[in-house]
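Below you'll find a set of structures to go through.
Common to both upcoming complexes is chain A, partnered first by chain B, then by chain C.
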Partner chain A sequence: MSSELNLDYSLLTPEFCLAGLAALILALDLFVDDFRKSWLPYVAAAGLAAVLALSLGWVNKESDFAGLLSVDNYTTFFRVFFMATAAVVALVSAQFVQDKLRHPGEYYALLVLSTIGAIYMAASRELLTAYISLELLSFCLFVLVSYAKHERRSNEGGLKYMLLGAFASAILLYGISMIYGTSGSTFYADIAAAYAGDTSAFDLALLLGLVMVLAGLGFKVAAVPFHMWTPDAYEGAPLPITAYLSATSKVAGFALLLRLFSGAFMPVLDDWQWIVAALAAMTMVLGNLVALQQHNIKRLLAYSSIGQVGYMLMAIAALSAATSSALLLHMTGYVITNLAAFTCIIAWYNLTGRDEISGFRGMAERTPLLAAALTAALFSLSGMPLFAGFFTKFMLFQAVADEGFLWLTVIAVVMSFVSLYYYLLVIREIYVSKPEEGEERLPVPALISGLTVALTIGVFYVGIFPRHLLDVAEEATKLLFA
Partner chain B sequence: MEPVAQQIPLEHFLALSAILFSLGVYGVLTRRNAVLILMSVELMLNAASINMVAFAAYASPEKFTGMIFAVFIITIAAAEVGLALAIILRIFRNLGTANVDEVDELKW
Partner chain C sequence: MQSGYILLATIAVPLFAAVALLFVPSRHKDAIRAFSVAVGFALFGLSLYAFFAYQLSQVEQYQFDMRWMWIENVGILGENGITLHLGIDGIGAAMLLLTGIVTFAGTLISAKIDYRNKDYFILLFLLVAGVFGVFASLDLFFWFFFYELAVLPMYLLIAVWGSSSVFSTFARTKEYSAMKLTMVLVGASVLIFIGIFAVFVEAGLGTFDLPTLYEVEFDENFQKIIFPLFMLGCGVLAGLWPFHTWSPDGHVAAPTAVSMLHAGVLMKLGAFGIIRLGMQLLPEGAEFWMPVLIILGTINVLYGAISAMAQTDFKYMVGYSSVSHMGYVLMGLATMNAVGVNGAVLQMFSHGVMTALMFAMVGSLYDQAHTRELAAFGGLVKRMPHFVAFFSIAGLASLGLPGFSGFVAEFNIFLGVFRTYPALGALGILGAAITAVYILRMMARAFFGPENDKWESLQDLSRVEYAGGAVLIAFIILMGVYPSPFVDRIADSVLRIPGIG
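Entry: the complex of A and B
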């Protein structure tokens, strides 16, 4: 670390604006009666879009704040990513929050604040900063998951998430203390320098530290065997928060893993590579197999998202420039697809109050647009050609195989086929099962229709012209391996 | 002045923290009451803090990274307790119990 610290606060402008936006939302909720409930999501989404546009000003610039936070293409990529996700979730939440939840001000404020945590997880290059950002994101999510405070399932999901989350952070911290003890620093670059030489003097402590850091972060991204909270938190959480959990909390975990492992632990690759590969294999297999027997759409998507985490972990196991850009591409495709699926599911739930898989019967006749979009999203998740899922998975699997993990790729391909089965079960309910007597067509709000169409176009766009996004992902990850 | 570091070897601190950490893990795995689970987690966090401070004193005494880390761990742990107790209180009001094995509506 240099003695001259760069304390240029302007680098952090987007996050300051986000914090301001959260405060503004709270103030509007408190003081302006007309604003209560109905306008807050649009304020949140508009604010997020404005800050997103502002953060584009850092494209192709490279700087850091006091050595703690990098502001580079990687950070910019995730700034755009997380703010766009939060904006979509805010819009999707609008009706749900109005119907089902109280205190909308805090809801949207927490959504915006959690985005800051997620961005700093991607930006930090020092363990303490990374840890605090992770907790900022987690704490917001703990509250959001248990937000329906009079509903037992939300309470229970929140309790399990909270207790296991705290347990996992304690393990992570113990791991970090081992890393600090063996390397004498918490800066990624210094850790890498300390491990570059002979590590035989502290091999065991180092291994312990790596295992514990992996366990702690594995919990945050829901890798098997640290996934137990996922289905419960997904099912208990209010639906839009389930969508948010499946998108931001996962991707933020991977953003942190990617920078940490490429920046700090590359010299001791042999120590952790096999662990991550084993985690990836277990996660893919268990996530996809357990998904087969789910009856609730949220739990189905929870297990399917665990399966997806398995695919993503492969990229960490076979860490290289090619796999990390493929990982960014895959995560983008996955999040667009998942948001499209959840938009349809939330709209369907708002209209009918059903979230069991059997409750989707007759969707094709009652809301044709939502049915088509949900089907497209599910096909994309299973990796059908033309849709985003196919090409992003193809790139990811190919990059992983190129790094010598052919056996992992084989498992991944087999599991993709398995996943097609349970997605088809949902699609069968949508198209084959007839609606019950007297169930008419339902009016879908214009905003939801527009959002659904936009996200579905996104799914096809990534699937048909993946080159554009891949170029961006390559730009973003280039500096990790410079 | 001879710093404490030279009088007590590092291993003693590490052994203490390992014991604390194991006690915490044991508590989390065996306790039924959510509040007690939370207390066990706090034990684990304290174990990590002891490690941090000990490593800071022995490995890099001229820098304070580990000490600062410990201060942050304490702060975040306090926030965590506040949050967790609020959720547990809510559960207790709705279900009349804070035992995690009786909160079992969600199953796979």
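Entry: the complex of A and C
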């Protein structure tokens, strides 16, 4: 560690702005009358978009804040990623929050604040900073999941998420202390330097530390066997928060994992590689197989997102520059697709109040646009061509196979074949089942239509012209392996 | 003029047609029909042009060569990582023409579709784009991309516009058949997917370009391990026994034009894949595994023919006869000699037009009679003379009567098989005999037998059916009496497949 610390606070401007935005939202909520409250989601989204534009100023710049946080292309990539996601979620939430939840101010403020946690998870280069960022994200999510406080499911999901989450945090912290004990530092670079030498003196403690860190982070990203909270939290949470959980919370976990494992643990690759590979295999298999039996669209997507985590974990197991950029590509495609799917599901829920899979019957007749977009999203998730899923999966799997993990790829391909079955069951309800007598076409709000079209175009764009995104992902991950 | 843009157009035209249809309000059903038929005709014209502009005795193996850089030098990809590389050899030219013919006939027949016909044509064109893409691609990534694209719309096409079959002891709902077909085909493509990964890693060149990969000499053991992945993965789509059961169920449940395209063209993708990915990429693996393929192919022929004989339903009979006829294709490929492989490709074309015609005719009958029960019909020739004539031509071609396309193809295949495995050749001919039995029996009973008064109201072929059928028949007869345009193109390309002697 260099003796002179760089304390250039301007590096953190986007996050200061986000904190300010959250405060502004709370203030507006507090002091301005009810009519203005319906504007909160748009204030949040516009604010996020503005900060997003601001954060583009750091493209291709590289510097760090006191060795704790890096502001580089990797961080910039995730700044853009998380702010864009939060903005979409804020827009999708608008009607849902108005109809079904109270206290919109805190809802949007927490959404914005959680983004800060997610960004710093990607930016941190020190274990405790990473831990605190993770907690910042988690605490916001604990509250948001249980936001529908008069619904028992929401309470149940929130409680489960919080108790298990606290437990996982404790394990993670214990793991961090083991890492500190064996390496003498909490800075990624110093840990790597310490582990680059002979580690035989503290083999067991190191292994224990790694296992605990993996367990703690595995909980956050919902890897099997630490996934138990996921279906309940997904089902209980307000729908837009379910979308948010499946996007930001997961991706932030992987952003942290990627920087941590490439920055600190590369020298002891042999110690953890097989554990991550085993986790990946279990996660893919269990997530996809259990998804087959679900009747509720939220639980279905919960389990399918667990399956997706398995694919992403493969990239950590086969860690290299190529798999990292493929992982970023896949996560981007996955999040765009998932947001498209959730936008349709939320709009359908707002219109009909149905979230069972059988409740999607007649969607093609009643809301043709949403039906087509949801179908495209589901095909994309199962990895069909023209859509994002095909290319991102292809690149990810091929990169993993290239690192010598052909067996993992085989499991992944078989499992994504399995996933097609349960997505087709939803598509069957949408297109084949006829609406019931007297169910007419439903009006979809213009905002939702626009958002759906935009996200669907995104799904096609990543699927057909992925070159640009792949280049960006490559730029973002290059410095991890410098 | 030989430009790769012709091939690109065959893919782009249906894709853009699908996009354009998105913007047409779905209430203009007639406009949608007219537009779709026009697109079908354009594709027919393009494929016809590509076929006849293909030059014989050229030095280059692939003509109409074009390349669009898609992604390179990033991540695992090296130079020429993934390119939209298009080009056809004689085999590709024949398949392209087949696709054009069946697509045109299919869009004509689809004019009968009334329920949500906009969505129907969008999905149909996606399928067609995928099929053209597979036949024209010389890049492993895009080959697989288009392969999956061709399977993608099948579920909805069958489940929404298809029909269920109810028999006395069991029923096959269209949802069931659609799911079965999709899952079996995508499941099989998992094997291809794994094979592609393995080939890419083993070659270590960072490119998916097929001609580049053809230059690589893969380790013999590697070839022996990976070839069966391609053989089974593609074979399932070609109706390989014992993985053929999706085919009769799926084809029966599908709407007429989809059955035509699927049995007529998509099953050929499987056989085409065995040539492109299997034999050309892994020749030693092919040599090692071909005895297995020829045995499975023989079982296909006999099993399919016997099953067809036992069917009580028109469409199931045609479905099983497809399984049987695709068996000849597999047998021909497995001979690994020039005559046999030649015959296999000819049979791919011949069976494509012939089975498309059969499905079109069955569809025409079912739309009016609302039953496909073989025993329910009799003396149809009085009410529907043109229908009977068309169907009989398809039937006679299918049993290999000289003068029709089937004869040319099967003759070559038998010649090839007798050179390598005489005993299996005899079984193959037995299969042809069984085919004659069930085709002639069907004609005797349903077409020419005693007239059944119940069917007084039946009308003969409608204009679109007449037109679609006539196009198909033209090619059945053309290939039967003047096969040299086909043979010239195919034979030269077959000789360039490694290991063909």
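We take it that the second predicted complex is superposed on the first by the 479 of 482 C-alpha atoms of A that agree within 3 Å, B and C clash if a C-alpha of one lies under 4 Å from a C-alpha of the other, contacts with A are read in each partner's own complex, and residues count from 1 in each chain.
Just so we're on the same page, a residue touches a chain if its C-beta (ideal position, glycine included) is under 8 Å from a C-beta of that chain, and two chains touch if they have at least 3 such contacts.
The shown structure was predicted, so the numbers you read here are calculated from the model rather than taken from an experiment.
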- Message: In the overlaid three-chain picture, which partner chain does A:441 touch, first (chain B) or second (chain C), both, or neither?
- Response: neither
- Is A:102 contacted by the first partner chain B, the second partner chain C, both or neither? neither
- Task: Specify the partner with more touching residues on chain A, choosing between chain B and chain C.
- Result: B
- Task: For A:139, select first, second, both or neither according to whether it touches chain B, chain C, the two together, or no partner.
- Result: first
- Message: In the overlaid three-chain picture, which partner chain does A:167 touch, first (chain B) or second (chain C), both, or neither?
- Response: first
- Task: Check whether A:295 is in contact with chain B, with chain C, with both or with neither, and answer first, second, both or neither.
- Result: neither
- Query: Is A:61 touching the first partner chain B, the second partner chain C, both, or neither of them?
  - Reply: neither
- Note on the structure: On chain A, the footprints of chain B and chain C overlap at residues none
- Sites on chain B touched by chain A in the complex: 17, 21, 24, 28, 34, 37-38, 41, 44-45, 47-48, 51-52, 54-55, 59-60, 65-66, 68-69, 72-73, 76, 79-80, 83-84, 87-88, 90-91, 94-95, 100, 103-106, 108
- Of all residues in chain A, which touch chain B in the complex? 127-128, 131-132, 135, 139, 142-143, 146, 149-150, 152-153, 155-160, 162-163, 166-167, 169-171, 173-174, 176-178, 180-181, 184-186, 231-232, 235-236, 290, 294, 299
- Touching chain C in the complex, chain A uses residues 321-322, 325-326, 379, 384-386, 390, 394-395, 397-399, 401-402, 406, 409-410, 413-414, 417, 420-421, 424, 427-428, 431-432, 466-467, 470-471, 474
- Message: Show me the residue ranges of chain C that touch chain A in the complex, using the header's touch definition.
- Response: 70-71, 74-76, 126, 130, 141, 145-146, 148-149, 152, 155-156, 159-160, 175, 179, 182-183, 186-187, 190, 193-194, 197-198, 200-201
